[in-house]
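Have a look at the structure below before the remarks.
Note that the chains take the letters A, B, C and D in the order they are written out, and that residue 1 is the start of every chain.
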Amino acid sequence: MLLLLAITALAIAWLRDLFAAVMLAGIYGLLSASFFVSVDAVDVAFTEAAVGAGIFPLLMLAALALVGRNEQTAYRRPLISLLLVSITGAALVLGTLDMPAFGSADAPPHNHVAVRYIEESPKEIGIPNMVTSVLADYRSFDTLGEVVVVFTAAMGVLGLLFTGRAASPGSATERANMYDHRVLRVVSKMLIPLILLFALYVQFHGEYGPGGGFQAGVIFAAGIILYAMLFGFGNAQRVVRPALLQILAACGVLIYGSVGVVCLLSGGNFLDYSQLLPDPLVGRHVGILVIELGVGITVASAMILIFYAFASATVNSEEVA
Amino acid sequence: MMPFELPPFLFFYLAGALVLFTSGTPRAVLMLLIPVVSAVNLWLTPEGSYGQLAFLDLQLTLHKVDRLSILFGYLFHIAALIAIIYSLHVRDRMQQGAAMFYAGSALGAVFAGDLLTLFVFWELLALTSVFLVWARRSERSYRVGMRYLIIQVLSGLLLLGGIILYSREADSLSFVEIGLHGVYGWLIFLAFGIKCAFPFFHNWLTDAYPESTPTGTVFLSAFTTKVAVYALARGYPGTELLVYIGAAMTCFPIFYAVIENDLRRVLAYSLINQLGFMVVGVGIGTALSINGAVAHAFTDVIFKGLLFMSMGAVLHMTGRINGSELGGLYKSMPKTTVLCIIGAASISAFPLFSGFVSKSMVMSAAIENDYPWIWLMLLFASAGVFHHAGIKIPYFAFFAHDAGIRTSEPPVNMLLAMTIAAALCVTIGIFPEVLYQLLPYDTGYNPYDATHVLAQTQLLFFSALAFVWLNLRHMYPPELPSVNLDAEWCYRRLAPSVLQRITGVVVAANTALRTSAAKLVAWVLAYISRHHGPDGLLARTWPTGSVVTWVVVLLAVYLSLSLF
Amino acid sequence: MLPELYNYWVVILLMMTGFYIVIVQGNLIKKLIGLNLFQTSVFIFYISLGKVSGGSAPIFAEGVSSYSNPLPHVLILTAIVVGIATTALALALVIRIRNAYGTVEEEELQQRDLEC
Amino acid sequence: MLSHLPILQVVVPLLAAPACLLLDRSRLVWIFTVLACGLSLLISMLLLYQVSQHGTLSYDLGGWDAPWGIEYRIDLLSAYVMLVVSGIATLVIVAAGTGLEREIPLEKQTVFYVTYLLCLAGLLGIVATGDIFNVFVFLEISSLATYALIAYGRDRRALWAAYQYLIVGTIGATFILIGIGFLYSLTGTLNMQDLAARIPDSAGSRTASTAFVFIVVGVCLKLALFPLHLWLPNAYAYAPSLVTAFLAATATKVAVYLLIRLHFSVFGEQFASSSLPLHGILLTLGLAGVFVASLVAIFQPDIKRLFAYSSIAQIGYMIIGIGFGTAIGLQATLLHLFNHALMKGALFLALAAVVYRLGSADISAFRGLGRRMPWTMAAIVIGGLSLIGMPLTVGFVSKWYLILAAIEAGMWPVALLVVTGSILAVVYVWRLVEAAYFQPPENELPEGLDGPDRREAPLTLLVPTWLLVLVNIYLGIDTRLTVGTSGAVASALLGGGQ
C-alpha cells in the first residue's frame, strides 16, 4: 500500500502534464485513504477520500481550466536539489531510528492521554465514536479553530476572486461544459437528492459511525457542485445564492461559537456542554449535535462559495478574453 | 525652594519650543527673557544634586551643581545672551529654535550628574547644532553639516560604548574622574577628544564653523568645544598625555591659519589653538592650571565670540569674508573696527585684556611644573595667535588696501552684543578677581606681576614690529594669502623655506591621506551596493523554490548538528 | 528493525518528493501538488503513530478491548481540513496571478516583474 | 465574567469576524471591528493586570482537565505579547477608517475586515493557548488570513508575494506539525506543561532532537530569520500599507513569542542548548540578518521595502538576544519585541499616511515631504531615531540591554557589531530625512494652490500614528513597565520554566 503511494508520488514528480498529475494526486488521495482504513483510522479515511480524491482534484481542475494544463519544462538545478533532498531525507531517517516501532502498543502515545479517551469517553460523553468524542468535546476548541480555518479560506478566496456578479442568464457561459450529456443529466438529477440525503445521514450519524459535520458538509457541497457543473453556474447560483452562502458560512461559525458562549453564560467554561441541560450527558449530546451542525453548514457553504468563486473567475476571464 | 532648582536646559528647551511657534516682538522678548530667568534660577540654586531619576536599573542625576559646572553654567548663560542679542534680527524660525535647543543642550551636558545624561545631551548637542550649519541652506553647507554630524555622532557612540563598559567596571554612572584606565577610559577620552578637536579629529571644526550663518557661528564657537573642555576637566584632570596633545593643538593650527584666506576659517583655527591652552591646563592638573584652563575657556568664549561676531558683521554687511577681497572697512564701520580690535587684543593676551588674565595662568603652571618645552611651544603659539588673529584679522578686514567697499555699521543689536562682549573682555582684563572668585580652586594667583607683563609685552611688541615692517615693505601681500611668511619674522632662527616646506608636507600628507581614504570608502561602497543594491544578489526577489531550498538546507544542517 | 520503521521511511520519502517538486518545478500549480504531497505524508506519519497492533477502529463496540489511538485521528482530521483550506486559497491566488501576469511559470513571472 | 477573560480574549475577535460578515454596510462594519478590537485590547489590559497580581492563569476549555482537554494558559509573557498584539491591532484598525479607502475597493472592505479580525484572533490564539496542537490550528488561521490580507495589495506583485508566503508559511506550519508529531510519539501528550515535564525523560533521544529541529526551523521560517527571510520583503512591500503596519508589528512578534515559548517553556533551556549548538546558530544567523538586511535596506528605493528589510534586521537583534542564553539577553529580546512593535507600527502607519496622500512609497515621493506633511514626517523621524536606538526612545532601551547582555556574556565583538548595525540604521533612516527635508519636492505645486497631495494626512491616520510615537518616547524615558515586566518574564523563563 505504502509502496504504491510512494510510486504514485514519484510519478507525480516525474510527470509534465498537469492534468495527469492532478488525476494522479486524486489517486494518491484514494490510496492514502485506503491506507488509513487499513490502520483503523476510518474517520480520517472518510475525510481523506472526500478531500484528497474529491474536493482537491475538483478545485485543481477548476483552476487548471483557467490556467492551462501544460507545464514548462525548465527545471531549476535539479541535481543539486535532488542531492540536498536526499541528504536531508537520510538525516531524517537517522532521526527516526529510535522512534517507537510501528503498531507497538506500549509506545508512549498510547499510554498517556489517549487511555482516558478510549476507556472513559463512552461513559463520559456517551457516544461510541471516540474520534467524535475527542473531536467534538475533549478538543472541541480545536474543531472550532478548524471551522474557522475553512471560513478564513473562504473569506480569502472571496476577497481574491469573487466579484459578486452572477453570470447573466442566457449567455454562452450559462451552458456548462457537460450540459450536452443528456444521460448524465438525467442520472444526476436522480443522484443529487440522494447525495444530499446521504450528506444529512453522515451529518447526524457521526456519533455512531465514521462521519460528522465536516464530511457531511463536503458531500453536500459536492452535490451542489455537481449540479452546477451539469446545469450551469447561473442556474446553480439562482438555486443557492452566493449572498446566502456567505451568511450561512458565517452562521455556521456563529452557531458553534454561541454554543460555547451559552455554556459560558450558564456557568461552565467555554464549550462545556454539560452545562447546557440539567442532565450533563444529554447536554453533551445536544452540544455535539449542534456544533456538528455548525461545522456542516460552514463547511458546505464555504466549499460551495469557493467553487463559485473559481467558476466566476472562469466566467470573468472568458469575458475579458 | 522648589522652583529654583530646575535644570537650566528646561528653560532653553521651553524657549526653543516656543520660538518655533512665535514670531516678531514676542519672540524677541521671549528669547531675551529666558537666559535671564534661567540665570537667576541658577544663581539661586545651591550646590547639590537634583532631579534624581530611575532609568532602566540605573540611578540618574539630571541636574548636579558644583563649582566647576556652575562656572560653565554662568559662562553659557552669558554667551547665550550675547549670541541671542546678536542674532535678534534674524527671521528664521528653524535657526533660532535650534540655537535655543543647542544652548540648552550645552547647559544640560554641563550640569549632567551622570554619564548617561551627559551622553544624551552630548548627542543632542550634535543634533541641534547641525541645524545652525544647515541654516545657511546651501548645497555646500548641507554637505559640510553632514560631515559634521557624522563625526559628532561618532563621538557620541564612542562615549556610549565607554559608558557601558564603565558602568560595568565601576558599577556606577556618576561623572567623576575617569582617567585613562582600561578600554572604557580610552573610549571616553577619544569621545571627548573628538569634540575638543584634538589633532587629526579637528577637521569637523574648521570645516563646519566657517560654513554656518554669521550668527550661527557665534553660537557654535561658544558651546560644543567648551562642553568638551568641561568634560575633560572633570574626567581627565592631570592626564599627562593631554599636555602634549594640547601643546600640539596650540601650534599646528598656526600654519593653517596663516595661509588661510577665509577670515572665519582663520578664527576657527585660532579656536583650536586656544583650546590647546585649555587642554594643556587640564593636562597639567594642578589647581592653578585647572583654574587657568577653566578661566581661559571663560574668556575665550567671550573674546572668540566677539571676533566671530565682528567677522559675522562684516559678512552680514558685505557678503564677503575672504581676506583678499576685504580692506578699508574702517571708514564705513568704525565701531565694528574698534570692537574687533578689542577682541583681537584679548585673544593676543595683551595685558589689561581678558586673554592675558587667563592664558598667563596656564603658562605659569607649565613653568612651575617643569614643562619648559611645552612652555616654549605655548610661547610660540602665543606669538602665532597674535599674528594671525590679533593682527591679520583686523588688518585685512578693516585696513590694508582699500577694497572699495562702502557699507554701514551693522544693525544695532549686533553692535550691542559686540559691545557687551568687548566690555566683558576689558572688565575681566582689568579686574581679574571677578573671574578668579568663580574658579573652582582658590589659588590667590596674580597675573599682573612684572615678569609676566614684561615678557608678554615684549613678545607682542616684536611681533607687531615685524608685521608693521613687513607691511611697509609690501612683503605681506593679502592677495597671495597662501604664501606663508610671517613665522620667519617672529622666529628668526627658523628659515622661511623650512617652515614653508613643513607646512607643505603637512598639508600634502593630509590631502593624500584623505584621498586614499575616500577611494577606499568608495570601493567598499561599490562592493556593498553590488550585492545589496536593489538588483543585488541579496535584495532580489527570489523564486519560491530557492526559499524552500534554504529551508531544506537549514533543516539538514540543524539535523546533522543535533544528531552527530 | 526494517518493518517496524518502514512506515516512517516511506513518509520521509514522500515528504522529500514533495519538497523536491516544490523546489524544482517552476509551475505554481505543480508546486501546490508537491506541497499537498508533503502535507499528506505528515498525515500518514501521524496515523501510523496511532496504530496499535491488534487494535480496531476507535468506535466503541462490545467485546473489543483494544482500540487504535483516536487522538492522532482527530488531529489529522483537523490537519486535512487545514490542508484543503490552504490549497483553495493558494489556487485562488494562482488564478489571480494568471489573470494579472498571464502566466503561472515562476521564471516568466520574474521576467515580467523586471520588465516593468 | 472575569474568570473567563482568557478565552474571551480570543473568542471575541473570533466570533466578531463572522458576525461582521452579517452586517453589510462597510461603515458599520468598520465601527464594529473597531469595537471588537478595542474590547480585546481592554481584555488584554485586564489580563495583564490579573496576571501581574495573581500569577499565571489557567483556563480549561470545555471543562476538561489539562492534558485531556485544551488548556489556555496566560502567564506574564503571553499577557505582555497579547497586549502588544491587540493594542497595535486596535490602532491600525482605527487608522483603517479612512486609510483603507484608497487601497481597497469598497465592495471588498467587509471581507477585508472579517479577514483582519480572523488574523487577530489567530495571533491571540497562538499566544493564549497552552496546547501545542492548538498552536498549530491558530497559526493556520492567522496565516491563511495573512496570505489573504497581503494579496489585497494593489500591485500585482502582491499576489506573487502572497503565494510565496503561502508556500513557505505552509511548509513552516507543517514543520511545526511534524515536530508536534514527534513530540507526541515521545510523550503521548500535547499539553505544553505536560510536555515540559515529560521531555527531560527522553532527553538525548534522537526523536526529541529531531522534533526540536523541526519546530525551530518551522518557527524560524515564520519569523523570517535570515536566510529564511526571503518571503518577507515582498510580502511587506506590496501588501496594503495598513496590513503591513499590522503584520510588521504583530505577526513576527508572535513568531518570536512562539520560539521563546517552545524553546524555554516546553523544551527548556537545558535541553535546547544540549541538543543543538543553538546559541551559536542563533547568534550567527541573527548577526548575519542584521548586517545583510541593513545593508540591503540602505540601497532600497522603495521605502516600504526598506523598512521591511529593517524589520528583518530588527528580528536579527531579537534572535541575538535569545542566542546569549542568559536572562538579560532574553530580557533584551522581550524588550525589543515590544519596542520594535511600537516603532514599526508607528513607521508603517506613517508610511500608510504617505501612501494615502501620494499614492506611492518610493523615495522620490518623499522629496520635500517635510514641508508637505510635517507631522507625518516628524513621526517617521522619531520612529527612525528609535530604530537607530537613540536615547529618549524605546529603541535605546532594548539596544542598551542587548549590549549589556553581550558584555555580560563576554562577547565583545557581538556588542561591537550591534553598535555597527545601529550605524547602518542611521544611514538608511538618514536617506529618508535627507529626501524629506533637504530636497525640493519632485513636482512643485504652484503656491497658494492646495492640491490634494499638499495636505497633511487625515486625523484618523495621524492620531494612531502619534499615539504610537508618544508611547515610544514615553516608554523610552519611563521604562518601569517594560523593563520590569520583561525582567520578571526572563527570569521566570530561565528559572526552570513555569
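Keep in mind that, in the parts below, contacts are C-beta pairs under 8 Å (C-beta built on N, C-alpha and C of every residue); 3 or more make two chains touch, one makes a residue touch a chain.
A quick note: this is a predicted structure, and the numbers were derived from the prediction, not measured.
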item: Interface with more contacting C-beta pairs, comparing B-D to A-C; value: A-C
item: Centre-most chain, if every chain is reduced to its averaged C-alpha atoms; value: D
item: Subunit B-subunit D separation of Cα centroids, rounded to whole Å; value: 45
item: Distance between the centres, which are taken as Cα means, of subunit C and subunit A, whole angstrom; value: 13
item: Whole-Å gap between the CA centroids of subunit A and subunit D; value: 31
item: Geometric centre distance via CA averages, subunit D-subunit C, whole Å; value: 28
item: Multi-chain contact residues (two or more partners), subunit C; value: 19, 22-26, 31, 49, 71-72, 75, 78, 82, 85-86, 89, 93-94, 96, 107, 113
item: Numbers and ranges of subunit D residues touching at least 2 other chains; value: 133, 137, 140, 144, 147-148, 151, 157, 163, 167, 171, 184-185, 190, 206, 209-210, 213
item: In subunit A, residues with contacts to at least two other chains; value: 76, 81, 84-85, 88, 92, 94-97, 99, 107, 109-110, 113-114, 117, 139, 142, 145-146, 149, 152-153, 156, 160
item: Contact set on subunit D toward subunit B in their complex; value: 157, 163-164, 167-168, 171-172, 175, 206, 209-210, 212-214, 216-217, 220-221, 227-228, 230-231, 233-234, 275-277, 281, 292, 295-296, 298-301, 309, 390-392, 397, 400-401, 403-404, 407-408, 415, 419, 422-423, 426, 438, 477, 479-480, 483
item: In the complex with subunit D, residue positions of subunit B that touch it; value: 54-57, 116, 119-120, 123, 134, 142, 153, 157, 160-161, 164-165, 168, 528-529, 531-534, 536, 538-539, 541-542, 544, 546-548, 550-551, 554-555, 558-559, 561-563
item: Subunit D residues touching subunit C - in the complex, by the definition given at the top; value: 133, 136-137, 140, 144, 147-148, 151, 156-157, 159-160, 162-163, 166-167, 170-171, 174, 177-178, 181, 184-185, 190
item: Of all residues in subunit C, those that touch subunit A in their complex; value: 3-10, 12-21, 23-27, 29-30, 32-34, 36-37, 40, 43-44, 47-61, 66-78, 80-89, 91-96, 98-99, 104-105, 107
item: Contact footprint of subunit C on subunit A as seen in their complex; value: 2-3, 5-6, 9-10, 12-13, 18, 21-22, 25, 28-29, 32, 35-36, 39-44, 47-48, 51-52, 55-56, 59-60, 62-64, 66-68, 71-72, 74-78, 81-82, 84-86, 88-89, 92-93, 96-97, 99, 101-105, 107, 109-110, 113-114, 117-118, 121-122, 128-131, 133-135, 139, 142-143, 145-146, 149-150, 152-154, 156-157, 160-161, 208-210, 214, 299, 306, 309-310, 313, 317, 320
